[in-house]
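First chain written, first letter: the chains are A, B and C, and each begins at residue 1.
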Amino acid sequence: MAGKLVGVVGVGQTKHRAANKEVSIAGLVRTAAKEALDDAGMTWADIDAVVIGKAPDMFEGVAMPELYLADALGAAGKPMMRVHTAGSVGGSTSIVAAKLVAAGVHERVLTVAFEKQSESNATWGLSVPMPFAPPLVAGAGGYFAPLIRAYIARAKAPRHVGHLVAVKDRLAALRNPKAHLHMPDIDLKTVEESLLLWDPLRYLDTCPSSDGAMAMVLASERVADELPGPVAWVHGMAMRSEPTMFARRDQVNPQAGRDCAKDVYAQAGIRDPRADLDCAEVYVPFSWYEPMWLENLGFCAEGDGWKLTESGATAPDGDIPWNPSGGVLSSNPIGASGMVRFGEAAQQVRERAGDYQVPLRTGKALGHAYGGGSQFFSMWVVGRDKPAA
Amino acid sequence: MRDVAVVSFAYQAVAKEPTRSEVEMIVPVVREAVAASGIDRTEIGFTCSGSLDYLQGGPFAFVSGLDAVGAWPPIRESHVEMDAAWALYEAWVALQTGEVDSALVYGFGKSSTGDLHEIMSLQTDPYYLAPLWPSMVDLAALQARAYLDATGRDEKDLAEVAARSQRNALANPAAVRRGDVDVDALLAAPVTHDPLRDHDIAPITDGAAAVVLAAGDLARSVCARPAWIRAIEHRIEPHSPGVRDLTRSESTRLAAQAAGVGDGPVDVAELHAQFSHEELLLAEALGLGGATAVNPSGGPLAANPVMSTGLVRIGEVARRITAGEATRGVAHASSGPCLQQNLVCVLEGQD
Amino acid sequence: MAETFTAHHVLEYPGGYTRSVGPVIGRFLTALRDGRIEGVRLADGRVLVPPTEYDPVTSQDVAPEGDHWVTLGPAGRVETWTWVREPRPGKHPLDRPFAFALIRPDGADTAMLHAVDCGSPDAITVGMRVAPRWRAERRGHVTDIEAWVPLADGEEPQPAPLRVPAEDEGPVTGIVSPVRLEYDVTAGEATTRYLRGLAEGRIVGARAPSSDDVYAASRGTDPRTGEPTTVEVEVRDTGVVTTFCVVNIPGLSELAPEIPYVSAQILLDGADNTFFGLIRGIPVDEVRMGLRVRAKWADELKPDHTSIEWWEPTGEPDAPYEHYKDYL
């Protein structure tokens, strides 16, 4: 990884839920930020700079909310930035914050991502009808469901594999008290009998809409070494983007995702992600995106993603657990969801994941986020140990 | 810190873009900046943009903006929902890590599409301020009066700023408001937002701007006289205008101090002053003296392509350094009601 | 370039944003409903109004209960002001010209933004004493103070009119904030060309300058290179369903009132990109990848997307997977 070492020294998040009506927007982000500061053993005054991320401002109807939130997040008199890269924003916000440390500009950076979707409605916020734009006739799921059908055809995958992911991630979430959905009785039958929304996607194959916030404190090597708590060291981080639409675009297995993974693995010394990582927190908003991203991220050969899922390898007790926290299928505060992935990966290598802790072997984990029409990607690999010099 | 310089700058602005979409406005600007940089599009290490969804009235302005860049093969790319000066800051940080050696930065927006002054009400506290719908001009006018009262300056001082801006803009093809005007003529116009008159308020402007950054030897190899970024710092203040001292810009002062503005002579300063009083207030916070040419382009009072206005300030200073017209300059960018957030960039040429 | 299309656009979340306010803002708004202005004494002794959950300088918590809460004013002093000559109906607190001012209530160290109703800009000065004019119908909102009014020397502020609380009325927990913005959006040159073509029953594509790729409904560039696509080519109104989904959710689109319906990606003959379209004229469960389709043009052609109502089967044999596998 380019630049100086960066460590995650504090992580905090809200209990995600459909509507968090007890707090203001400031209250929501402060809940996560204060938990991260406490975890790091720091106070507001210790922080050098704040980087905040979220999805479109129209969700909450506040333009450039970093302005209103500056003093809520301890930024008075300090630098503050606001990142927006669609669904990948939680990941890219983490990376922008980490680069401030890697560049040697700051030593203690607070980064926060949030969404308070209950202030409006995600379907409206994502697809405000604009003049002259082609009419959206199918909603957000209608964008991705055809790509899932294309994947199923291309990989010759059996139809039940998506449902397996829907069950696996919801059962994993039962061990995560911060997860939005807790569905103890879910099984394959429940998913198969849930409403068919966008064939081939059923209701329980899709993510919920959540209010929530995630925060991390990132620190330089000097600062992290002096703190008593565990550190997740950043071994690699990368972002890639490609256009929404262009001739012969591979929308199922986008080049930007493959390039981003290759870059982050090269930085982190990962040759075989399935063997070299202990777990992955990957942005899977629709169940089928687990097998699709297994292939895109090189955990198996192209066409074999569904076999890996079906084998149980990605379950919490499998050889390469994916989304032991329950993932996006269990909690989806959109603008924060990517940072939740990055932060959960950090918690695993810090051995702070509580009841959903995976056993550490290599001590490395992947955090992943994507957005737009599968065109924006951000990823990091974090490790229990410092990267080899 | 690693040596990083502005090696090219391109910019277009009009009062109201009649035919082109945002993407179509960005295309020529990005192409011009990349061509002038001497770096091939596919060799540029990092791309970062600044835009605001509320200007176009729908989400994901930056997503379609990417169609103007040529993001294939896939690129390292990011976006801030801030003035593109902060996109440049993010790019500068990426260059500091050593990960990349060059970056394309662009900003865009069409303020004429909606009611800019009203839209910016949505930047304010959603519980106490936004429900009252104070426009960005209303809020600026509150600061203007507080500033004039505290300093003993008056509306003539504001008109002098406006007149100089319009005269300077005569030489700026991107200016949308220019003229050889005198102060008395300006003061004969009615006050519209007490104590401000129309000439004290930046004109509505559509535009896009792009800058290419390069590090060290690459910058030297592609540009005869790169504009080196000696320091770039930014700070924010508490949000509510009622808790702040509106008669000064503390965040600008802090950023200027951290950037070492006062460590040498300043030949030229381009300030993101969307209102006449802001230029006076900012010049004080930056500690600028009479030897500095302030807003020789005319500044935002001549053209205010929102979401690029701050980036344009950096580009305008860099352009003068690269042309050999200045040796050391200061560019300033701002965001939020009553100058809540401020960025200061010190640029230098080397002989 | 001929004139491009523009259209009026309203951005409005139906019903307004539903904002939960949390305990500190909630207490302030509850006090307003009671006809009282409350602030909080911060750790450094300064009194903050309106209160936030945090100290605006140190960000330390401000507790929602405790003896740091103080009742202020209600009279106060104008710190700075400006005059609003053209009030915005439905948005501004008053429908006649008024002043926006920062007002510091007696006992506070900070100021709050509000309206001053004084008739003319000549009737307001910095330092002037003002007092709230309370609404009779108060709901726990900053506009429970309708406006502030000048207070003559020695004059006492008018108390808030009595208000009978609703039964089971609890503390204020939320507000609803309507946000309505209006725009005039330009289609842009490329989209205008495409839409003009639709009005003539043609699908206009554009050729990428440095490849032979043709974009149907080009947005003005080859997205891979950023080069402008200015060469027009006509694309046929027939193509292949590359992939699709069956939508079972009612109300997603006015264009497809009956569920289930099929939304598909279509690769047009002569184009190199896919775009979304509705498939009709075939039972939903018979739609398949590779299906050959043709545009169903509207009886009345217009320069907008409604000119193609949907896509229906041509009856030709399906395209082989090989034909479209690179377009998924």
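Keep in mind that, in the parts below, contacts are C-beta pairs under 8 Å (C-beta built on N, C-alpha and C of every residue); 3 or more make two chains touch, one makes a residue touch a chain.
Source: prediction; values computed, not measured.
Participant: Is the chain-to-chain touch network here best called a line, a ring, a star, complete, or other?
Facilitator: Basically all the chains touch each other, so complete.
Participant: If I average the Cα coordinates per chain and compare with the overall Cα mean, which chain comes out closest?
Facilitator: The most central chain, going by mean C-alpha position, is C.
Participant: Please work out the Cα centroid separation of subunit B and subunit C, and write it as a whole number of Å.
Facilitator: Result: the chain centres lie 25 Å from each other.
Participant: What whole-number Å value describes the gap between the mean CA coordinates of subunit A and subunit B?
Facilitator: Using C-alpha averages as centres, the distance is 33 Å.
Participant: Could you say which residues in subunit B touch two or more other chains, in rising order?
Facilitator: Residues 54, 56-58, 64, 66-67, 71-72, 119, 122, 126-127, 130, 238-239.
Participant: Touching at least two other chains at once: which residues of subunit A meet that condition?
Facilitator: Residues 24-25, 58, 60-61, 71, 76, 125, 128, 130, 243-244, 246 of subunit A touch two or more partner chains.
Participant: Quick check: what residues of subunit C touch more than one other chain, meaning two or more?
Facilitator: Residues 9, 11, 17, 19, 21, 25, 52, 56-57, 177, 179, 185, 187-188, 191, 222-224.
Participant: Note which residues of subunit B are touching subunit A in the complex, please.
Facilitator: 1, 47, 52-54, 56-60, 62-64, 66-67, 71-82, 86, 89-90, 93-94, 96-99, 119-120, 122-127, 130, 233-239, 250-251, 254, 335-337, 340-341
Participant: In their shared complex, at which residues does subunit B touch subunit C?
Facilitator: Residue list for subunit B touching subunit C: 17-24, 27, 30-31, 41, 54, 56-58, 64, 66-72, 110, 113-115, 118-119, 122, 126-134, 138, 141-146, 149, 191-196, 238-243, 246.
Participant: Which residues of subunit A touch subunit C once you look at their complex with the stated criterion?
Facilitator: 19-27, 30, 44-45, 58, 60-61, 71-74, 76, 118-121, 124-125, 128, 130-132, 134-139, 141-142, 145-150, 153-154, 195-201, 243-252
Participant: For subunit C, which residues count as touching subunit A in their complex?
Facilitator: Touch list, subunit C to subunit A: 5, 7-9, 11, 13-14, 17-25, 52-60, 173-174, 177, 179, 185, 187-188, 191, 195, 208, 211, 213-215, 217, 222-224, 242-249, 252-253, 255-256, 260-261, 263-265, 272-276, 278, 289, 304-305, 321, 325-328.
Participant: In the complex, go through subunit C and note every residue touching subunit B.
Facilitator: 1, 3-4, 9, 11, 17, 19, 21, 25, 29, 48-50, 52, 56-57, 79-85, 88, 91-93, 100-102, 104, 110-115, 121, 126, 141-143, 175, 177, 179, 181-192, 219-228
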